[in-house]
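The block underneath contains the structure these notes are about, expressed in structure tokens.
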Amino acid sequence: MQKSSSEVAQKPTDPTNPKLDKEQRKGKSPFQLAYRRFVKNRMAVVGLILLTIIVLISVFAPLLTSHDPLESDMYNIEAPPSDEHILGTDDMGRDVYARLLYGGRISLLIGLLTMIFTVLIGAVLGAIAGYYGKWIDTLIMRFTDIMLTFPFLLFVLFLISVLEETSVTVLIVALALTSWPTTARIVRGVFLSLREQEFVLSARAIGGSDSRLIFRHMIPNALAPIIVNATLLMAVTISAESALSFLGFGVPQPTPTWGNMLTNAMNIRVLSDQPWLWIPPGVMIVLAVLAINFIGDGLRDAFDTKMSDNK
Amino acid sequence: MAQYIVRRILISIPMLLIISVIVFTISQLAPGDAFTGQLDPKLDAEYFEEMRRAFGLDKHPVEQYYMWFTNLLKGELGISFSYKLPVSDLIVDRIGNTIFLAFCSLVLTYGLAIPLGIFSAQRPYSMLDYTMTTTSFVLLSMPSFFAGLLLIYLFSFTLEWFPFSGTQTMGAGYTGISYVIDKLHHVFLPAVTLALISIASYTRYIRSSVLDAKKQDYVRTAFAKGLASSVVLRKHVLKNALLPLITLFGLDLGVFLSGAVITETIFTYPGLGQLYIESITNRDYPIIMALSMMGAVCVLVGNLIADILYAVVDPRIRYD
Amino acid sequence: MKRKSFLLMMSIILVLSMFIAACSSKDAGSGEGKGEGNPEYGGHVTLSMFSAPKGLFNIIFYEDQYDNYVLNYTTESLWAYDDKMQLTVPLLAEKWELSDDGKVVTITLRKDAKWSDGEPITTDDFIFTWETIASKEYTTEAKAPRYYAVEQIKGAAEMHEGKADSLSGVKKIDDHTMEVEFTEATANALDNLWPSPIPKHVFDGMSVVEMKNSGASRNAGEIVTSGAFKFKEAKKNEYVILEKNPHYYVEGRPYLDEIHLKVMTQDVAMGALKNEQIDFLGQINPAEFDTIKKMDHVTIKETQDLAYQYLGFKVKNPKLSNKKLRQAISYGINRKAMVDGLLRGHGTVLNQHMPDASWAANEKLKDAYPYDPEKAKQILEEAGYKDVDGDGFVEDPDGKKLEISLDYPTGNPVRERSAILIGEDLKKIGLNIKVKSPRDFESHSDAVQKDKVEMWLMGWSLVPDPDPSGIWGSKANWNYPRWENKKSDELMKKAITELDQEKQKEIYAEWTELVSEEAPYVFLYTQNRIEAWNNRVKGVTFDWRGAIEHYKFIDWWIPKDLQ
């Protein structure tokens, strides 16, 4: 399984080091600048195109296949690819192509929602800690440290085993509950440094409220590292979903996900005799994670932030 | 420095205490226990009550926690529900295998990632660099169980080069050097599987830090002085670019247990990761709790080592 | 792990395997030598284990299925079942005789049987074994689960409560003859009697806990065995090597020098069979049948297993208390499709607690409840279940919305898939079934035991002795449907005290029909036991218990040029 970003963030890199770029002085917004740099990065653009295609085929799955991904046919199981089933059928006689498209929805949804929840929890706690400092900071960061002490995979497995059943919701909750500390650390780091900067100090001097300060002045400045972190988090989550599925704690049948499709195909017989069962989901997972990693990497270079330096 | 270390250790104590409470609480929240899954029409309800009493499962949670924690301090990790053996014995049986696996995978990682990273950085943005970057990204994106099974399929069944399970040849009774070779032969595929992802990410890390170092003023100065590029590379670039790697070692130490879970499962490699998964499926909480605590301690120790090493290699950092 | 399937089901199988494992060799000679040439000595076979044995190699203490798997080759018992599931094959017991009232059995042991250290196996060993199991410490201190296997011996209850030091019902006549008195005469007294000895000369003087933890139960070098093989080497969590027991009493057996048992995942075991890295493979997934069949060097066979999967109803739940509804559901599930599809035909649709393989099976129920959605709808209609509000789902006879939940555990991929099919099928007859997310097996059984479910899936593994009272008795702990029926209790009681098997069969026929009519379960299917072995191994006997755990493993041999 991929090393989680939570491990990465424990590295003793200095999280508060926004270097000023030469171009930044020309008066363009940092986002415009980042955009320029991003589109110049060939791999990032390829990643973006790939991801867009993957998202589109998942979203428009009903237009791309007439098969129901859940409809089983006990008398046509593990059929090789044919005109009717272009990627064959699985062990319940369901259309692999349809499951691949619909499965993408679930896999991406898990990635996306986990990312959103993680960022929400992490950003709120990190912002509070970084903005208010003092004992609040100590309290939150101590808690964060403790959470970071649990090895990611061990903790997720522990949580899922306690939550009894595995469903999409349970997975998202378990993953979000274990991934937020990294984000919290990053956001707190940014806030700590922003707090002392002139524009914040002056905004405060003219009597800006806390919430105004946080939302108008600080959050926008913390966005870049959050975005980079969130992107990479999505890749980790999609990967984690398949790993958990392999260990028997993934999304249960009949719901298709790339992870459980690949897991079902993981034995020597299928590897040698039934490539249509394992190649498609395998390729989709690798492509999706790859695309997201490309994008994340591109974003990091574009924002020129070292926050989520993935080693 | 010594003072710093002592302080860090002191801070760890309340953290471990809280962690132990969290671990215990989670295990209490779970419905059922190791005996719920044991369906045997020959056994009556009375037997299960006796078993639960024998393991102290009928006591109040607070009392159970107190017993567990005080035993923990004494170094007793409890008795496994399913093995009915002391958890510490089970861990001792397997920890050597996991450390050996982690060590081999580290050797592979550093042995491959350093030359590859430097090589890639030598000719940035060349065809070769792109190929290597893309390859490492693909490896980074492949679920490790998928990679592991492909490796087994390829190298164990198609080519028959490597064994696919265990740590040594059954009944061969090797000694001395052939014993070591046999061990290495068995650990190779699991170690590669475990190392794939870190090789990929370390290569990229080294590449970018070498590139960074090359842009530094002192490197330009060295070139300006007319030093041979190999000398500059060795004396100025690499020294500065690779030092931080030492600290990564400490962090790797902290997560080796996590990484081993999947690899050991695929290769039926009898280590702690496999034990953890087995205990999760069997609801063997004494083992789960002990290994979770162990994982946490590893991370704490690993972080501490990382910080200390960082201070040692980078004289600019001072802890007080 | 996802592949906990077998573990889960297997926790139940302990019961079954206890008997099979305990069985061992007898004078060979039958079923061998047909076109396979003359047996040759030497060589070893390699077997796979899908998870590591726990390493407690003592027949009265083990709890792990793979400990048992290993013990199968090292443990001899009194007797064994024949190929018709009758307890007739003499092993350590030369002969045995039940008294006319069925309460006392006189057992005569072979005089030439020896432990692997050369000591003779005598009645003292058996009495010592039974008294150890009956002792209070055995359950309370050593936490071992086998008291039930001596429970019916007179005086066991007193020992279990700590009121007696010996079994009053066991009488030693001489070193090779003993009498065992039971508390009551039952047809299955011998089936239930613990048949495998532990060596008294090794364990005497130890407390029960010491026995369990002693090297003689755990260290390969110290374990003294009664069977054809003894321990040579055991590498914890990796493999076990057994070697020929030179003191084994059957003349000229075993042929093999060694048996190797290696831990590997089920995912790769088939590849290992193909590459000839293992010789035997058990618990084969039906999906792999055809692939293995195509391997030239392998023989694959199947037989109906003594196990089944079922859909249970909590009959005390008002939603499910109506017998008609339960019958309609029985008609409404396409079990044939499950067998044809999920099991690829390697299984049977089941309609009773007794699988066809059992002598107690009721022929008349073979085709009870065929798949008939129309009939199912009709029964529902007649019983007052009608779709009043037009949402496509029927309401209960009071016109209230009816939604029934179905719980199932993870672990067994075929069962997980059958849950989905059941949901689809029942939708077609107008029932609103909520198929819940699966839970791990422990949580699932917890919920089932505590009646927190409505309908659920689970399975049972059975022993050759057909007595169903442990699972079906009105007050039985394992009567999960909480189906209480006086008539059923009476029939079960009557069957067990009837010593004539033909009459017993008639009583069971009446009982199975009653259960079928009341339908507290929908019996789903039994999956075939499929096993395969490399053709280089000769002399393999395969019957209802398969080949791997068959007591005739002592006849296995390998031609010299293939060793």
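Labels A, B and C are assigned to the chains in the order they are written; within every chain, residues are numbered from 1.
Keep this in mind: a residue touches a chain if its C-beta (ideal position, glycine included) is under 8 Å from a C-beta of that chain, and two chains touch if they have at least 3 such contacts.
Please read these numbers as outputs of a predicted model, since none were measured by experiment.
Chemist: Averaging each chain's C-alpha atoms to get its centre, pick out the one most distant from chain B.
Modeler: If we average the C-alpha coordinates per chain, C ends up farthest from chain B.
Chemist: Hey, which pair has more contacts between C-betas, A-C or A-B?
Modeler: Between the chain pairs A-C and A-B, A-B carries more contacts.
Chemist: Taking the mean of the C-alpha atoms as each chain's centre, how many Å separate chain B from chain C?
Modeler: Spacing between the chain centres: roughly 39 Å.
Chemist: Round to the nearest whole Å and give the separation of the Cα centres of chain A and chain C.
Modeler: Between these chains, centre-to-centre, one finds 46 Å.
Chemist: Round to the nearest whole Å and give the separation of the Cα centres of chain A and chain B.
Modeler: Spacing between the chain centres: roughly 22 Å.
Chemist: For chain C, write out the residues touching at least two other chains, lowest number first.
Modeler: 1, 4, 267-268, 271, 274, 440, 443 - these are the residues of chain C that touch more than one other chain.
Chemist: What are the residues of chain B that contact at least two other chains?
Modeler: Touching at least two other chains: 30-31, 149, 152-153, 157, 265, 277, 281, 283.
Chemist: Could you pull out the residues of chain A that touch at least 2 other chains?
Modeler: 161, 164, 246-248, 263, 266-268, 272
Chemist: Any idea which chain B residues touch chain C in the complex?
Modeler: Within the complex, chain B contacts chain C at residues 30-34, 36-45, 47, 50-51, 54, 82-84, 93-94, 149, 152-153, 156-157, 160, 164-168, 170-171, 265-266, 268, 270, 274, 277-278, 281-283.
Chemist: Please name which positions on chain A make contact with chain C in the complex.
Modeler: Counting only chain A, the residues touching chain C are 72-75, 77-78, 91-93, 161, 164-167, 170, 245-248, 252-254, 263-264, 266-269, 272-273.
Chemist: Over in the complex, which chain C residues touch chain A? Could you list them?
Modeler: 1-4, 266-268, 270-271, 274, 287-288, 291, 334, 337-338, 340-342, 344, 410-411, 413, 416-417, 420-421, 424, 436-440, 443
Chemist: Tell me, which parts of chain B touch chain A in their complex?
Modeler: 15, 18-19, 22-23, 26-27, 29-31, 133-134, 137-138, 140-146, 149-150, 152-153, 157, 197-198, 201-202, 204-205, 247-248, 251, 254-255, 257-259, 261-262, 265, 276-277, 280-281, 283, 288, 291-292, 295-296, 298-300, 303, 306-307, 310
Chemist: So in the complex, the part of chain C that touches chain B is made up of which residues?
Modeler: Of all residues in chain C, those touching chain B are 1, 4, 7-8, 11-12, 14-15, 46, 51-52, 54, 56, 63-64, 139-140, 143, 145, 147-149, 212, 232-233, 235-239, 241, 258, 260, 262-265, 267-268, 271-272, 274-275, 440-443, 445-447, 449, 458, 460, 470-471, 476-478.
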